[in-house]
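Next come two complexes, and both contain chain A; in the first it sits with chain B, in the second with chain C.
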Partner chain A sequence: MNTNLNIFGLTKSFGSQLALDDVHMEIQPGRIAGLMGPNGAGKTTILKTIMQIVKPDAGNIILNGIPLNHNSRQEIAYLPDHNHLFKWMRVRDAIAYYRDMFVDFDSEKSKELCDFLKIDPQAHVRTLPSGMLERTLIMLTFSRKAKLYLLDEPIGGIDPLARQKILQTILSGMNEDNSVLLATHLVNEVETILDDVFFLDKGCLLASDSAENIREQRGKSIMEYYLEVFENV
Partner chain B sequence: MFSLLKWNITDYIKRNTWILLGIAASLLCAALPRNSVGLLNNLLIGLASISGFIFFQAGILTAFLFVFRWAENDSVELELSLPVSSRKQVAVKLLTGALVNFLSLVFLLQLFLLIGRFSSGSYQWISGEHLKGILGWVVFLTFLESSVLFAYIFSHSYRMTRRAPDLFTALVSLVLIGTVVVCTVVIMAVTNQLIAPTFSTDSILTVEGNLQVFSFTLPNWVFLSFILLEWLVGSRLLQNRFQTS
Partner chain C sequence: MNFNPTIPIYLQIMDSIKKDVLSGALTAGERLDSVRGLAVKFGVNLNTMQRACSELEREGVIQTQRGIGSFVTQDKSILKALEREMVDQKVKEFLEEMRSAGLTDKEILTAIEKGFKK
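Coming up: the complex of A and B.
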């Protein structure tokens, strides 16, 4: 099967602190992969390295068979763990910005998602409550027809209704050509939508498997497997 | 590239709307009085002069900050995740800074011309001759911004300099700007091109005025060459080594 994203021997340190230690990962098209681990495990560093915001000390990242370059960003939709929009923006400004900057941005889809997620395009970004801000960022991310979606804690600190809507949006944005890498420590909340999991701690990849294998061969839920892996660390 | 430039200019305007309002108010204060007789007229002229100078400086300063401090905003992750080459990213920052510098200088000149009508007796608008003097200044200010931006990128690109990025940004900028300016002045002195500035009260910012040092070709070419060099090397560092965290 073709792979969408390949990561080989990714290593990164900040000063004397090792953030990633020889990480290998592979994500196939049509799959939602969960990158899980406690705070400080290195999840955000992996996503930022794929976005080329952080430069690796060693290792390679291949997207759809091509080593990463600035054009690769056209195929990746990134949702960071904080508000990265300009503070002066209204939601409609953010939509216009994305439309201008990303050729794969679908304005019709953004309207549909605004309706579905109950987002007011006139609202000021800086005054949005955290749940609504997260919905807005998800709307912008999934209005793009990207090959790879990188989501950093997309459901952190938000109410159950918003969480449900965000998970539905993620699922509706999937097709057989694209894939999602979702970094979170909220294992229970995302368990039902994951196809693959990667468990990360202190920059090391502890385990990886498909959700199907975990359930059928190991006879465990992802949460149970997560606890088993991290208890043995 | 044009979309990127459009959004950078929009970003500058949205962040600094107060400067544009201040500039408009200063010009209005200078344009309203029919003559320089009476308390109100003199008050308006005085207000226009003081506020004009403040907003001119604010324009230059905010352009400077806009060019090199963008990477400290939360929006840096959005900007760095755009499918745009680092050369375009850096070029657009410099172009935005240069445009703001140009408009700040045009504003100051127009303000002087409006106030100057009370001595000359007629309204004067900016002419092509005035702009000659301005362009040299824009090149010089853009060189300063380019040097600080380069120093900022450099100091965030190596493990050692990342430990004290502010200190290294200041050091590298001072060394770079100092060296280039001193070398340019020495070359001009050796080639007999350096003329001490003459201070004139009636033709500020014109080729004949006290800013004429920037109307010479040599320093402009030197500054432009360094802007180009810093842009090329800075973009490469931004692409391959730069990181803020």
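Coming up: the complex of A and C.
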């Protein structure tokens, strides 16, 4: 078993709108993959399909050699692009909620991450500024010992310090067995942490390559390659 | 650390560690942080850091002892070669830049002498 996630021919329409068109992807263990494209490209739909929130019209998703099933969610830590926590919660309630929901939740790790990210467990979720909220969500996500982390715009609209802390949390949460799929359109910000990139536009996968290949073979930064690929659409 | 995104990142990390060795920020025989720790410090993924470390090991700049960690080499000849390589490269870069600015070798030499006097 040497791939963490395999996606074959994923296709999905919402009414007459084609959201995903025959998407193939593969992510190896120990790697951080970036899923990039403009708004409306279908990034969130791919993540939601892996989470089985959206049912595909066609295609297969294999996680660690096994087709997705009702147990798969226990192996995937998902960070949605919106606040999914209950408004009445304090941060400590959210931690307790995650601990009850997921068997792989590590309370020690959540304490460490709260210290590192300077999160106050007594704070109310409702009143958290957006940078703090994003820190809280990343803390909850990486307190789990998941096989696959799905992150939907984890660094969108937040200050540089919070962004750096979040990227460091992602990096230190990695090992040889798990992998990360990170959906974002902030290409510059994630240049140095990515192993692989997937470029998506209007539901079609335009290109995929390893980050070092892009730099070594093409002599380009990910950003330059992104602009080249998307300019020729 | 600020990386140039068009140059392979592992090469830039190698350069940075070599520079630290030459400047004395890392001393001969000193133990390096773990690959994981270094990856977070440099802000890069584990695979990139691993690659930088194994290339440095291949060049003999660091030595890894299984289960203990990686250490800066104490081999004087390697450190000497490293210094020579770094100096050669910087001089080459400098000369290329000056020549592309249209200076003759003689003018470059005069400019350097002037620079020393300041």
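Points to keep in mind about this one:
Definition applied: the second predicted complex is superposed on the first by the 232 of 233 C-alpha atoms of A that agree within 3 Å, B and C clash if a C-alpha of one lies under 4 Å from a C-alpha of the other, contacts with A are read in each partner's own complex, and residues count from 1 in each chain.
Rule of thumb we're sticking to: a residue touches a chain if its C-beta (ideal position, glycine included) is under 8 Å from a C-beta of that chain, and two chains touch if they have at least 3 such contacts.
Since the model is a prediction, treat every value here as computed from it, not as a measurement.
Superposition of the two structures on chain A shows chain C fitting alongside chain B with no clash.
By the document's definition of touching, of the two partners only chain B reaches A:Leu85; chain C does not. In the superposition on chain A, A:Ile193 contacts chain C only, with no contact to chain B.
Of the two partner chains placed by superposition, only chain C is touched by A:Glu212; chain B is not. Judged by the touch definition given at the top, the superposed model places A:Met174 against chain C, while chain B stays out of reach.
Contacts of A:Ser221 after superposition: chain C is touched, whereas chain B is not reached. Of the two partner chains placed by superposition, only chain C is touched by A:Ile32; chain B is not. Once both structures are overlaid on their shared chain A, chain B and chain C have a minimum Cα-Cα separation of 27 Å. Comparing the two interfaces of chain A, the one with chain B and the one with chain C have no residue in common.
Residues of chain C touching chain A in their complex: 3, 5-10, 36, 39-40, 42-48, 51.
For chain A in complex with chain B, the residues that touch the partner chain are 14-15, 48, 51-55, 70-74, 76, 78, 80, 82-88, 97, 100-102. The residues of chain B lying in touch with chain A in their complex are 3-4, 6-7, 11, 14-15, 73-78, 80-86, 159, 163, 239-243, 245. On the chain A side of its complex with chain C, the touching residues are 30-32, 164, 167-168, 171-172, 174-175, 188, 191-195, 211-212, 215-216, 219-224.
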